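Paired with subunit B in one complex and with subunit C in the other, subunit A is shared by the two complexes that follow.
Then we have the complex of A and B:
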């Protein structure tokens, strides 16, 4: 009570001056973020509207986009990269995320022994560098020195082995699965945390109502972790459409064979920085970067306005 | 008052001290440090142990730092550094357009009048000269020659003679395959460029008649769909059966290891492999030039200008840098370089005696075969799609069986036609 009276007294005190400290405290983050994120982004968007005309940088409006979508070659490269990118994303959504949920559900079983060990082991690849992951898997899958043909031979499956990374039909799937192997720890951890957040009372109430086992997972736990799954999906989307490093380390900048693993990131790299005899084209590179930005923006907006608002959240 | 004098004397003391320190540092500051940008990681030891000491001994006051970056990142990194003004004084030049572009952007200085440039023939300078021949902007350093390196023990054991013609070559491959001890050809398509560089550009000149075909292609008198340009692809397609298991996923280091471990008999090579192979292979190696189509045909080799050195136009020490460039153009450099790096042949007009027998074998082809350079490098890789990159992809496709030779050639020609208009 005494504090309440005190604050009532405070109401009559003279109006506080401008609260500078708010600006001061915000400034470092704002300045750093603007300098390393906002300004380069704006510069990229601006660059996509410029090109070199007669040796001079000139404003060309949407001409770069016209080339990207209108020129037969550019359009073919772009659509192929976009298609591959969707395949890359689909494999992550269909394998990585369900696998992550399943692993999280298994880890959250109270009776499971060595849970900490499994959790660490599965999460470990996530903190490895892409370069290491790419190199390790290239060796594992190598038809010459790899251990895969040897192990498959042990179980009599040698006939199924192929130079997967070198065949246009299987290369993209193989690279996607390597990426899944590396990143499955992230959805697992996020969903595991969400599962642990479900109060015991809810589970006990469900058990009282006779809902146990599988039906408990489907009817009680899954709906409660849906917001986390939504977040994982959007992280996967952004991560996949920004992906570049793994493809670059495993398949090189030309994303072979026959461009079958070329995704937007590698196309952007080749265009912007050039490759071997190909010189970098900054304007077209920025144009591709802008399109990538718009694709990701569209995806995230779709999620934010279309899905996230409809997901029901439960307060415990 | 006393306090002011005190301050004054302290200041004087400080000034004195700093001037002494300054003059002590002066002698040191006279040393000019030149930095060389390069993609040749592998040459670091040779520069540090042999070339730089030899130069520094003759040119006191100039220190040289050799600063290589990864080959695949070199062009992009160099362009960015030059644009930002942070590149080294000397720049190792890729042949043809990549460097020409740097010259046109005024990143590289004109070196036409450099002392020592007269040591190089116009052909040697061609890779770093403007289209009109007016200016040369890099000192030619080395070229590489394509051919095949073979395992001598394997050839002796199986009783195979060095194949001189295409038919001999495939007969030899059949024999090695039938025996089964060795993989006939050590080459993979995973890294794409192996198929193009060690395959297409290696055997190709025999079919398109070297410089003759290359010049005709640039003039627009020949097309990539003409017989001379498709035939090497038809031959490459036949290589498929002689490559190792899973060659589609075999990388360049895999191929090198297969050969040096003695598991493969023939390695489609560039001469730059000689240094590494000499240290790694425990068997005797020999080399033969690309086989000709029918006996008696004149042979052609790819003797490709590969490395040059240019002067960064924004260098703070152009005079010192020119002294280094003149030395690089001297026969002395050619001798040290070519013998420390067997397989990188000097372009200097003064012939260098090679101590390495394998390197000597490669360089001897210059006398009997007609040299040419890789077909895609001059002028034809200026546009988008880039002909060199496309050739990588299509050469791998042909060997993998993804595309037939005719389809591959058509794709390449179509890509070239989309931007290249030959001068009429």
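Then we have the complex of A and C:
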């Protein structure tokens, strides 16, 4: 791991004993990062093993998790939030990332006119806050304003229109698609960058062999950008299992209608902070945060040790 | 360059697809801004029309500026964002310099430790962060937000900046040492100016999530005096759901600064993302 010896930096003078400046350079970042991020994270994990028993905080082992997974009051909410979160993630993986790849592939066509304009415009929603995006779409999808029915009428689909955000059956999909609309810029940019990094010689060699167009994309370019696709997937995973803002803005803390858009982030907020009649519960909040931590950790580990190492990287 | 030219038909399709998606990406934003300048009748009767002399109205903006303390919210967001970025960049650059310049016991371990935060979101520690802020008496202060966002920005700043600092020439630094510069002077006077472009990239990356965050303002600083723009517009719009003029005006006011900054810095931002993706 670490270099075992205290080697000299560069070619400078003999040893000066403790090199205090290293400590000075590292200390501020280390202290702030540890105190505000790492220690609270550990403390949160620890709190998930405690609960209030007879008004006293007491160590309860995994009892909180048992309650969360099995208790009738908690389990239904938790499993629904977890399931919704996986649906939320699946929609991103199935729509956002392929769409991002398609846009990136088109943008990376050499000498494409207006490419900078397209790129800048399509990335714009990504920098807006969830609050802005959430409210804009709420207005646009609102039956009162009638923007969406008007457009659907143009293509003859007006009969399909419904208050999608207000129906339990369609609300989660609608919210996910809003999130896709906002975030598609990220996969697009990362894959666009990867596509630009493919050397011209590789493409020319392919063309000499008669591989062009579609088959060039599938056989040459896509395998070369797999590492970028892997990275996009893990970013999507972490972002989705940590999501909160958009659903809170569009559907409120109760993640309505009827909890149909509740994901782990909104469940954590309600549990920990309380909402309306429900009182905040620190221990159960910590328990949900711990579950989220374990899910994200599992995803990141799978990516780092399973996928990232196996994906073949080509050195040019 | 590639020899195979695209047929006009195919390039036409590509433009159609890209332009189509561009419209999908821009339309909601443009629609909001246009309609914020119309009177209520026009918003509902001709939502797709540009504001004309007859339908032009600023009633939404006057409501918003009268009712909500938007300037206060802007000020809070600005203070929080600027101060957090300053500290994340300063502390991040210092740590990145230590990690990339010196070989010492535990260097790699420290690098890994500081990188955990790139993947594990700080939000998961919220329960204990709030507890700590309560104990420190920092709830409903901007300091609480600044501390959290500095910590949140550090891992990525350290990661990107140390990559860049490795590219600063050793000869330059050693020449400085021979001239008797202290290690601090080498960092502040030689290295820091050279990594300024990377600092700008990190600043833009760090800025967006801080400015847009709703979670921590909601939990750590929901008081009227410390509301950020994101939380302020969330609460404000929630209260005015039926006043469409006010809602559209509030949204436009929240979009405007981001839009201006984006138009100025989009090149920088996009270059940053596309260069960072290669690693």
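Note that in this section the second predicted complex is superposed on the first by the 291 of 316 C-alpha atoms of A that agree within 3 Å, B and C clash if a C-alpha of one lies under 4 Å from a C-alpha of the other, contacts with A are read in each partner's own complex, and residues count from 1 in each chain.
FYI, a residue touches a chain if its C-beta (ideal position, glycine included) is under 8 Å from a C-beta of that chain, and two chains touch if they have at least 3 such contacts.
Worth saying up front: this structure is predicted, and the values here are computed from it rather than measured.
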item: Partner chain(s) touched by A:110 [first = subunit B, second = subunit C, both, neither]; value: second
item: Comparing the two partners subunit B and subunit C, which touches a greater set of residues in subunit A; value: C
item: First (subunit B), second (subunit C), both or neither touched by A:163; value: first
item: Which superposed partner A:98 touches (first subunit B, second subunit C, both, neither); value: neither
item: Partner chain in contact with A:57 - subunit B first, subunit C second, else both or neither; value: neither
item: First (subunit B), second (subunit C), both or neither touched by A:273; value: both
item: Which of subunit B and subunit C A:145 touches, first, second, both or neither; value: both
item: Partner chain in contact with A:199 - subunit B first, subunit C second, else both or neither; value: neither
item: First, second, both or neither for A:223, with subunit B first and subunit C second; value: neither
item: Shared contact residues on subunit A - subunit B and subunit C; value: 145, 273
item: Subunit B residues touching subunit A - in the complex, by the definition given at the top; value: 72, 75-76, 79-80, 94, 96-98, 101, 188-193, 244-251, 254, 257-258, 376-377, 381, 384-386, 388-389, 392-393, 396-397, 400, 402-403, 415, 418
item: Residue ranges of subunit A in contact with subunit C within the complex; value: 1-4, 6-7, 9-12, 19, 21-22, 24-26, 28-30, 32-33, 35-41, 43-44, 47, 102-103, 106-107, 109-114, 117-125, 127-132, 135-137, 139-140, 145-147, 150, 181, 189-190, 192-194, 196-197, 200, 203-204, 207, 212-213, 228, 231, 234, 238, 242, 244-245, 248-249, 265, 268-269, 272-273, 282, 285-286, 289, 292-293, 296-297, 300
item: Subunit A-touching residues of subunit C, taken from the complex the two chains share; value: 1-4, 6, 10-11, 14-15, 17-19, 21-22, 24-26, 28-29, 31-32, 43-44, 47-48, 87, 90-92, 94-95, 97-99, 101-110, 113-114, 116-117, 119-129, 131-132, 147-148, 150-152, 154-155, 158, 170, 173-174, 177, 182-184, 187, 208, 211-215, 218-219, 230, 233-234, 237, 244, 247-248, 251, 254-255, 258-259, 262, 266, 269-270, 273-278
item: Touch list for subunit A against partner subunit B, complex; value: 72-74, 138, 141-145, 162-168, 252-254, 256-259, 273-281
